[in-house]
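Below you'll find a set of structures to go through.
Both complexes shown next keep chain A, but they swap its partner, so chain B is in the first and chain C is in the second.
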Partner chain A sequence: MLDSLSAWLALNIGEQASSWFDYFTNGKHLAWYASVRFTLLAAVFGALLAVVFGVLGAAARRAGFAPLRWLGLGYTTMVRGIPDVLVFLFFPLAFEQTVEWFMSRRLCSAEELATAVNWPPCSAAQWYLSTTEYLIMACVSLGIVYGAFAANVVHGAMNSVPKGQLEAARAYGFSSRQIFWNFQVRQMWVYALPGLSNVWMLLLKATSFLSLLQIADIVQWADRLGAPNYSSRVGLVHPDWRWKYYFVLFLFYILLAILSERVFAWLQRRASRGLALHGEH
Partner chain B sequence: MDWLLDNALVQDIIELARPSLFNIYFALASIPIGFPLAVLLAVMKNSSNGIISRVARIYIYAFRGSPLFIQFFMFYSIMLAFNLSHWKPMGIAHIVMHPLFIGPMVLILNTSAYAAEIFYGALRTLPKGEVEAAMAFGMNRRQIFRTVTWPNMIRLAWPAYTNEVVFLFHATALVYFTLPVINGQKDIMNKAGELFERDYNIFLHFGVAGLYFLVISMFIFFVSGRIYKRLMRHIGTDPTTRLKLAPNYMR
Partner chain C sequence: MKKLLLGLALSTLVGSGAAIAADVRIGTEGAYAPWNFLDDNGDLAGYEIELGNEMCKRAGVSCEFVVNEWDSIIPNLIAGNYDIIMAGMSVTDERKETINFSAEYYPPDPSKYVGAKGLEVDFDNLKGLKIGAQGATIQAAYVESNLADGNTILTYETPDQSVADLMAGNIDLLLADNSFLAPVVDGSSGAISFVGPDVSIGGGVAMGMRKEDTDLAAKMNAALESMKADGTVDKLIMEFFEAGPFFEN
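Coming up: the complex of A and B.
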């Protein structure tokens, strides 16, 4: 199909258009376009996990059991002191290490374990991760990092739920667990939405880190495609065009931000139907 | 004394001390230029002139809407593209291609957009009565800015700006993921990565790296809290005006 389109362009518009079309639809470029899926998958599943971790973190922060409360507080405070990229890299690498440690206990001989200088102690315990596995870990990692941001948002939103609603629920004889999940968590979303939209924007931008986990994402492909390109047939196809490819990514992320803003504005309008919120009539 | 120095944790803390100076350098080099640029952009965005306001709006949106990671790659490759044609003939290649120059440059462009949005938000919530009183006194625009707009803006924006400074410091962790390391000038993340490659003890090395960021962030919050107290000293010791360390997560 691409070939026939190219031929049509050559006939109707000119050789120039056809050759540009061929350039932008060559195998490497198609791989680049396809790699957008990693970014979007990581953003969507990372965000879903972030909401789950956010609700759990906020729930832990108001738990009756003190150590759980401290854990929640520590989790939500973490993002204030430690860069996201450090946490993002830490969890996948730490998980990989932990698995390899258990595998080495089972698979390596005693003397290998005692004398090993390198990691893992024997090659049988080495865990080679596929792109899919790295992507899953990246999603979990994004979920953990931005779950801490989301927990702060959710914690604030839970406090915004009108007290009367909770008191009415208590008066009806609901248990405190029911009040928490069925009233407080149910009703907080509309208050949490503006904050969560902020967290989504942060998370979207953090999907550019995927290449740090050896995933061939849009950033890595942009680097490969932009590097000076020689071919035996034509010689120098193009000099260093990396900045052009990165500029495209720059625009791509801005476009995603504009789109997300629209979607969240729509969600906010939908969620606040029938609610007398502050500042509205 | 030796048992203390042989301790792996202490060793890591010593090894990461010099790299942490590079992170501090990147943040310190970016703030003095990023701050006035942000104020300028905020005033521009608040301007009644449509073109000026739109330019600032687009700039702020672009730099807040795209990842810093991409911005680093983009500006580094732009600088590379100009290297042979411009920087080399001008004889400034060794300066402008150095990470210690490009790092702060990109961070300034980035942080000025985030901080401008904060200052713009503050400008929108200035107490109207004070501005009107100044106008009634017959002050000109410059006097109004100096005596009413500026002090109010700084006070309103200070807690959020503190957050931005901490996030800027965290963002310095990205510099050497994109720029080349020259003469062993490594930052915390880079050094932690190198230590990790040596013995694969991620819990220790990344833990200590995180500790460095945590301690320095807390120090920034502490200093900023003192400054905030001074800025708000005419308000009195109302506990609600104390700097809360998590006012918003607008970054």
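Coming up: the complex of A and C.
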């Protein structure tokens, strides 16, 4: 189909249009367009995990059991202070080497364990990570970092649910658990959404770090495609075009941001249904 | 359970899933034409890709190439991300301290200087110049130890960036492998040219391997030996570099 389109362009518009079309639809560029899936998958699954971590973190912060409360407080205050790039570098590596440590205890001989200079001590304990595994790690990393922000938002939103609602629920004989999930969590979304939309925007931007985890994502491909090329054997000869490719990424992220704002506006309307807000009774 | 489901969902969506792993993984830079590069289809191509695949075939092992940045190509070999390096890497004594080399699959080739057209400098006494090289290469080591006095040395992450900076006039001279520069100078339509004397540094180019992988080295050396004997290596050198040096066996 691409070939016939290219031929149609050559016939009706000109050779130049056709050759540019060929350039922008060559395998390298198609790989670039396809790599958008990594960014979107990381954003969606990262955000889902962030919400899960956020609700758990917020629940921990208001737990009756003190150590759990400290854990929640520690999570939200500490992780928010660590740069996301560092978590991206730290968590997958630490996780991989922990797994390899357990594998090496089981699979390597005592002699190998004692004498090895390199990591892992023996090749049987080597855990090779593919793109899929790195992507899962990326999602979990995003979930950890932005879960801490989400926990803070959710914690604040839970406090914003009118006390009267909860007291009324108690008066009707609902259990504490029912009150928490069916009244407090159910109603807090409308207060949490503006904050969560902010967290989502930050998370979306952080998906540009995927190439740190050896994932050939849109940034990595933009780098490769824009790199200057002086050898006709490799393809089109051109100087450093990276800024042009990065500019396309700018547009892509701005488009995603606009789209997200609309989705959040819709969610906000949905979450507000049937709630008495802004003094409407 | 949730993690497992997430993993399953991701692996189906990503589509790569658990591919059958090759016996041997070969790490390359993928940005060093004509040695190794990504072609228009986004696939790895070049002298080392063809040579490596033929060596694996003759050694009876299944191989897979993976792309890794030049900076971390030796550390990641040692960490076990792949088993062999094929990335236009010259044999040097310094590298021999950490890794093992196969027999050479490209004979020693001089390094050359390139400069803007019409550049006139006294190569017996280089002073006050900006001299570039790709980082962690034999050329970078050479300029840093011999020319750092009185000149400014700049190193680059990728070979393409070093050429781009020369083209932009940010450096006066660039020192790199002749085999990489020759097509670049040809393709520059006269903007840059070879200047000064050849500089002989380092040995030929060979596969880098972990020191303990002696069986793999023996297998690969036997395969390379047979390819040198029947002229396959020289034929590939001609195909990709359009000039020598050859082994001429």
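To be clear about the criterion, the second predicted complex is superposed on the first by the 264 of 281 C-alpha atoms of A that agree within 3 Å, B and C clash if a C-alpha of one lies under 4 Å from a C-alpha of the other, contacts with A are read in each partner's own complex, and residues count from 1 in each chain.
In this text, contacts are C-beta pairs under 8 Å (C-beta built on N, C-alpha and C of every residue); 3 or more make two chains touch, one makes a residue touch a chain.
Predicted model, so just to flag it, every value in this text is computed and none were measured.
*Asks:* Once the shared chain is lined up, is A:119 touching chain B (first), chain C (second), both, or neither of them?
*Replies:* both
*Asks:* With the two structures laid over each other on chain A, which partner does A:72 touch: chain B (first), chain C (second), both, or neither?
*Replies:* Once the two structures are laid over each other on A, A:72 reaches no partner at all.
*Asks:* After superposition on the shared chain, which partner residues are touched by A:224: those of chain B (first), chain C (second), both, or neither?
*Replies:* Only chain C; A:224 stays clear of chain B.
*Asks:* Per the contact definition in the header, classify A:243: touching chain B only (first), chain C only (second), both, or neither.
*Replies:* The first partner, chain B, only.
*Asks:* Once the structures are superposed on A, label A:93 by its partner contacts, choosing first (chain B), second (chain C), both or neither.
*Replies:* first
*Asks:* Tell me which partner A:235 touches in the superposition: chain B (first), chain C (second), both or neither.
*Replies:* Second partner only.
*Asks:* In the superposed model, which partner reaches more residues of chain A, chain B or chain C?
*Replies:* B
*Asks:* So, A:54: does it touch chain B (first), chain C (second), both, or neither?
*Replies:* neither
*Asks:* Between chain B and chain C, which residues of chain A are contacted by each of them?
*Replies:* 119, 240
*Asks:* Contact residues on chain A for chain C in the complex?
*Replies:* Residues in contact with chain C: 26-28, 30-31, 37-38, 41, 45, 49, 118-120, 123, 126, 128, 130-132, 135-136, 139, 216, 224, 227-235, 237, 239-240.
*Asks:* So in the complex, the part of chain B that touches chain A is made up of which residues?
*Replies:* Listed in rising order, the residues are 61-62, 64-71, 73-74, 77-78, 80-81, 166, 170-171, 173-174, 177, 189, 192, 196, 199-200, 202-203, 206, 209-210, 213-214, 217-218, 245-246, 249-251.
*Asks:* Chain A touches which residues of chain C in the complex?
*Replies:* Touch list, chain C to chain A: 3, 6-7, 9-11, 13-14, 16-19, 21, 31, 33-34, 37-43, 67, 78-81, 158, 160-161, 163-164, 167-168, 183-184, 187-188.
*Asks:* Using the touch definition from the top, list the residues of chain A that touch chain B in their complex.
*Replies:* Touch list, chain A to chain B: 79-87, 89-90, 93-94, 97, 119, 149, 152-153, 195, 198-199, 201-202, 205-209, 212, 219, 222-223, 226, 240, 242-243, 246-247, 249-250, 253-254, 256-258.
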